[in-house]
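First chain A sits with chain B, and in the next complex the same chain sits with chain C.
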Partner chain A sequence: MKEQVLAAEKQAKSQARVQARRGFFSRHDRIAYSFLIPFAILFIAFSLYPFLAGLYLSFTDNSPLVRETHFIGLTNYIQILLNDRIFVDSLKNTFYYVIIVVPAQVVLGLVLALYINKRLFGHEISRMAFFAPFVLSVSVVGIVWGWILETRYGLLNLSLAAIGLPGNTPWLSNISWVMIGIGLSSLWWHIGISMVLFLAGLQDIPAELREAAVIDGANGWQVLWHVTLPLLRPVGVLVFILALIDAMKVFGQPWFMTNGGPAGASTTVVYDLYLNFQSTKMGYASAIGFLLLVIILIIALIRQLALKEDLT
Partner chain B sequence: MTQQKLTRRKFLAITGTAALGAAAAACAPAASPTTAPPTSAPAGTSAPAATLAPAATSAPSGQAMTLQAWISRGAPQGDIIGQLIDKYNADQASKNTGIKWEYQSVTDSIDAKLAAAATAGKGFPNGYIGDDSLAWASRYIQAGWVVPLNPLLQQVGFSFDDFLPLTRWTLNGNDYMLNYGPSGFLQYINMDHAKEAGLDLQNDPPDTLDKMVEWAQKMTKKDASGNVTRSGFLITGSGLQPTVVWGHILQALGSSLVGPDGKTTNFNNANGKQAAQFVLDAFNKYKISDPNLTDRYKEWGTGNASIFWSGDWVIGSSLAAKDLHFDTWKMPQVNGKRASQASLESMMIFKQDDPNRMLEAAKLFKWMFANFTPLYAQTGDLTSVKSIANSDAYKNRPANKYLGPVQDAYANGYTFPQNSNPVQDLNYYGSQVLIRNLDNVWLGKMSIEDGLNALEKDVQGVLAQAPLVQFKLI
Partner chain C sequence: MTRVFGRRIYLGDMLLWVIGMLVTLIWTVPLVWMMFSSFKPEGEILTKTPQLLPSQFVLDSYLTVFKQPVLKWFINSTMVSLGGTLLTLFVSATAGYAFARFSFRGKNALFALLLATLIVPFEVTMIPLYLLMTGLHLTGTLVAMILPDAASAVGVYIFRNFFLSFPRELEDAAAIDGSGAWGTFFRIALPLARPAILAVAILGFVGYWNAFLWPLLVSSPETTTMALGISIFRPAAGFTGQTQYLGQGLAAATLLALPTLLIFFVLQRYFIEGVTTSGLKG
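This part shows the complex of A and B:
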């Protein structure tokens, strides 16, 4: 018995020495890294380098048609935060849009996923119908919804009028309604992906847990509230973060539907960034981009701290 | 000799290595002509004088060259221009010159593409054939990226003698933009609506602003609540169209966004207020316009507007629109004066290290001018040259019926050029600075005084960075 234990120990030590010798340049690792290198090259060339170059640009007054580039430190950021009324307005517009779209996308995505998961009548076609808009490009969505939301003979107002509701809402021509109108188009466009993510999460929940709750006397609502939703929380966080990032970056819909109007009411942060880019104010536009990144990170961090959740 | 078996591990290693090699090859920069960035003229100074390196005495014979053209025209003009380039390529192929032009449509992305090219210092096209480029042209002219055409056109034997008066946009004596389509503003009138209202265009036209309002009032339709359901005078509630209307009335009254010195504003005065008040009155007092409209072309094209102020580029699409019976009239007089915004469809050549490439662009432009008749025969574009204007194909085209008002504007000198500023677009037609500020007035968020004050502050801020680039029409 003692010999067997000693032999096992010796073998284990031998394996540990072999493992230690493998290290970084072991054959296994070399093969693994060789498969990673193509991605790494592309990542460095098209993600990391542009990121760092943009960060550097944001600290310069780069405007290639007007002047030579100088390092100006935080001047762009100070100018944007303290003196740029258009940026401040665009930030307010963006937050307004986020408040409209993000909760709706999370909640509606969940509701649709629950409906599909129940496998009720029509669930197969519904799944396809809800997801189909996601494959469209933003230009198609913008142009089509520009027509749908037209005040006088847009499809939405005509439909509302047909069922006895007010049919003259100025969805895109009124300062108060324009972001709601754009939000509707975004919801229609993106609800499918939220639904699919929630659906995947729902299908990951073991059926036994729900069955156990039912056996213990829980009704449908209690099963949903006490079993399903807590287990869906990681997916919910993911859907929220993705919806938030998407909403903070909104650009295509205002571009195609409203040109940022009326009176700048649908000018978002990225729209403002693009206008500065068009005017070749590269340093300034880069600073706007990085400010947006910081804002998104802060919001995500606040959410994590508030709910004391582990996002990993 | 033992035969080695190809294991799965070996296969994966080989394919991984092959993929790595392919990725590395794909990432290698293609050999392309790069261009050293020109020395930028500081903002506010005049455009650089013709500083082209002397061209080669003759293009090396047989030197094959593939050149890039950007076309910034929508259908049908963009398609026709593409067909003409194809014809030019066929002509070059038959002569075995080795010259080939590739072209791409950049209608919606021209600003971004140019900005990206400027940042990279390369990527500009060899030739640009586009529409109204005044929003950005001065920026690239001042930076030296757009070259003066005169030396190049002279080398290829192109003569400006054929040009009609007031169709050349010159800057410090140089042509940077070769105008192949002067355009102007006119009034479009839906003749079905006019007939319905008993209006006679020939004998009692909307020739003054008051008369135009009278016409519009008779043609406007309203619902039971008094809301406009069919605009007698088409203005959208915000955006470009009300700014254009404001700009035209302002100019007719004798003022302008920027004064003759190009450095100070000239609109925050009684004329500016009167022009703004007219726009508000169209919505609120005369009730001839619907503030809920967002898409002016759609409203006009679907027959939902009676009078529409726009450029002659709308003629082609109006002719193609189903059941749209229209006619045109001159821009109305305001206190005895008219105003019609002039712009141009232009060709430009971007700076290249190889002067032969610029010369080839000049040759293309010369050829196109000699073969441009199909463009005008099939569209409503005005020509800038007498030879085409005198051709039967041009004289007999359907669009001529509607172009009288624009020709009148040029003939009687009441066109005004668009504003071109290297820092920020300051046109009535599309400037975000104007739209952003004036929208607040149209939407009732600001009084006219406050709106004009805010606009003045912003415009003065732009002019402080760079004055207006003053093109001279000859």
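This part shows the complex of A and C:
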């Protein structure tokens, strides 16, 4: 017994010596790093460096048109939050858009997933049809929906009129309607991702749970309300957060369909960031970007809290 | 309950099915309208009564749209997407393999850092990226459009998970036979990673093909891609009431949409698995 322990200790010591000879990084480490290097070079140069550089930039008055760049501390942030009407309006517009799109995307995504999961005749075709728009570029969505939402000749208003509903809604040319019009196009575009995430969640629910509820005498609605939906909550939180972050970054649709108008009503945060970039206010635009990141981090934090609540 | 073709059908399910099919049909209308309208004669696209089918199929819109440099945009998009996909595959397969098969100093910290960057939107880093590309004299090149998106955390994640779930006996056998780590990777591990390669390639290609914001910042007229180029037909471009660009715009949009739609229809399972994985991770 004692001999065995001694032998093991001796072996460990000799191993430590070998390790020491190899230096801080062992040969094994070096092989691993050789596999990591191609990724690391691109990652450091085009993700990590721009992130840190952008953070620094947001504390400067950098503009390529001006020769010198000064460190100006929090001036950009203070200016944006207190004195920039256009930014504050763009933030309001973006939140308004979020309120319109995000709940609809979660609820409709859930409903479609529940429908597909019933596996009625042709459900594969339905799944394909609901998901297909997700693979399109925002350019396709912007061009097609820009014309569909046209007030006088657009397909939507003509179709509404054809079935006897009011067909003269100025979807894109009225300040109260424009975000609803853009929201419709976004819903059509991104409902597929909500649906497939909910479907993945539904497939993770063991069939026995629902069967047990049925044996205990629950009807279809009771199973849905008391078994399926509570178990889908974590996926629901995820879908909600993803849709929220996605909506906070909206830019392409207004750029294609409305130029941020009418009267700036569809100028969003990223749109404002882009306009500042165009007038080469790089430091200022970077600060807007980091404010957006702060909002997104807060959203992510809310998700963590919501999931923690599930565990307790 | 009623019987159709000898099968029991619930009335509630039948009602649900009718509604489901109706919504499915509505969801396909924008794309169907886009494709059919691109073959309509000018003046037939926006009419007082909604018209889905053209009275006759004509190629007018396609013939006029090719007077714009559409062919060049299409070639640029193809080169950026193929080049970007290959680079993404190479760097994420090697890094994913490293995270799955080796233990090394700083592994967990590096992986955590990688996943943490998923939360940072591209919009935050694009301005310093633009200044970096200017400094490297790369603005206006196709390379500038490829580089920023190639180091994809999602790609690394997909490859790492694949190799973790895959038995390493074959690789061990190759190592005993005297094959080096890189030889084993290229000859044994990578050829077996087909599902992961497909998932990352699809996500990469579609991402590059559809990219709009970064090309808007960094491309030149020579390197304009399809997704950016067709913005000259955007409804917001200030020609409200002038419909002569409408047919051309829809023809160009059809050309832009077809490649990704085809990929989706052919490789649907891999596509949905890929976006589900990246979504669940995000």
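Note that in this section the second predicted complex is superposed on the first by the 256 of 312 C-alpha atoms of A that agree within 3 Å, B and C clash if a C-alpha of one lies under 4 Å from a C-alpha of the other, contacts with A are read in each partner's own complex, and residues count from 1 in each chain.
Methods note: a residue touches a chain if its C-beta (ideal position, glycine included) is under 8 Å from a C-beta of that chain, and two chains touch if they have at least 3 such contacts.
Predicted model only: the values in this text are computed from it and were never measured.
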item	value
Chain A as common anchor, with chain B and chain C clashing or fitting	clash
Chain C versus chain B, contacts on chain A by residue	C
Touching partner for A:I86 - first (chain B), second (chain C), both, neither	first
Partner chain(s) touched by A:G252 [first = chain B, second = chain C, both, neither]	second
Partner chain in contact with A:P262 - chain B first, chain C second, else both or neither	first
Partner chain in contact with A:L275 - chain B first, chain C second, else both or neither	first
First, second, both or neither for A:I175, with chain B first and chain C second	first
Touched partner set for A:E150, first chain B, second chain C, both or neither	both
First (chain B), second (chain C), both or neither touched by A:P103	neither
Partner chain in contact with A:L65 - chain B first, chain C second, else both or neither	first
Touched partner set for A:F35, first chain B, second chain C, both or neither	both
Colliding stretch - chain B into chain C, listed as 167-175, 293-301, 347-355 or 383-391	293-301
On chain A, the residue positions that both chain B and chain C contact, one per complex	31, 34-35, 38, 42, 45, 62, 64, 146, 150, 172, 258-259, 261, 274, 277, 282
Chain A - residues contacting chain C, complex	24-25, 28-29, 31-36, 38-40, 42-43, 45-51, 53-54, 57, 62, 64, 112, 115, 118, 120-123, 125-126, 128-140, 142-148, 150, 153-155, 158-159, 162, 172, 188, 193, 196-197, 200, 238, 242, 245, 249, 251-252, 254-259, 261, 270, 273-274, 277, 282, 285-286, 289-290, 292-293, 296-297, 300
In the complex, chain A residues that touch chain B	31, 34-35, 37-38, 41-42, 45, 62, 64-68, 86, 146, 150-152, 168, 170, 172-175, 258-264, 267, 274-275, 277-280, 282
Partner chain A, residues of chain C touching it in the complex	13, 16-17, 20-21, 23-24, 27-31, 33-34, 45-50, 87, 90-92, 94-95, 97-98, 102-105, 107, 110, 114, 117, 119-121, 123-132, 134, 147-148, 150-151, 156, 181-182, 185, 206, 209-213, 216-217, 226-228, 230-231, 233-238, 246, 249-250, 252-253, 256-257, 260-261, 263-265, 268, 271-272, 275-276, 279-280, 282
Partner chain A, residues of chain B touching it in the complex	9, 12-13, 16-17, 19-20, 23-24, 27, 37, 40, 42-43, 111-112, 115, 118-119, 121, 139-140, 142-143, 145, 227, 229, 236-240, 290-295, 298, 304, 422-424, 432, 435-436, 439-440, 442-443, 445, 465-466
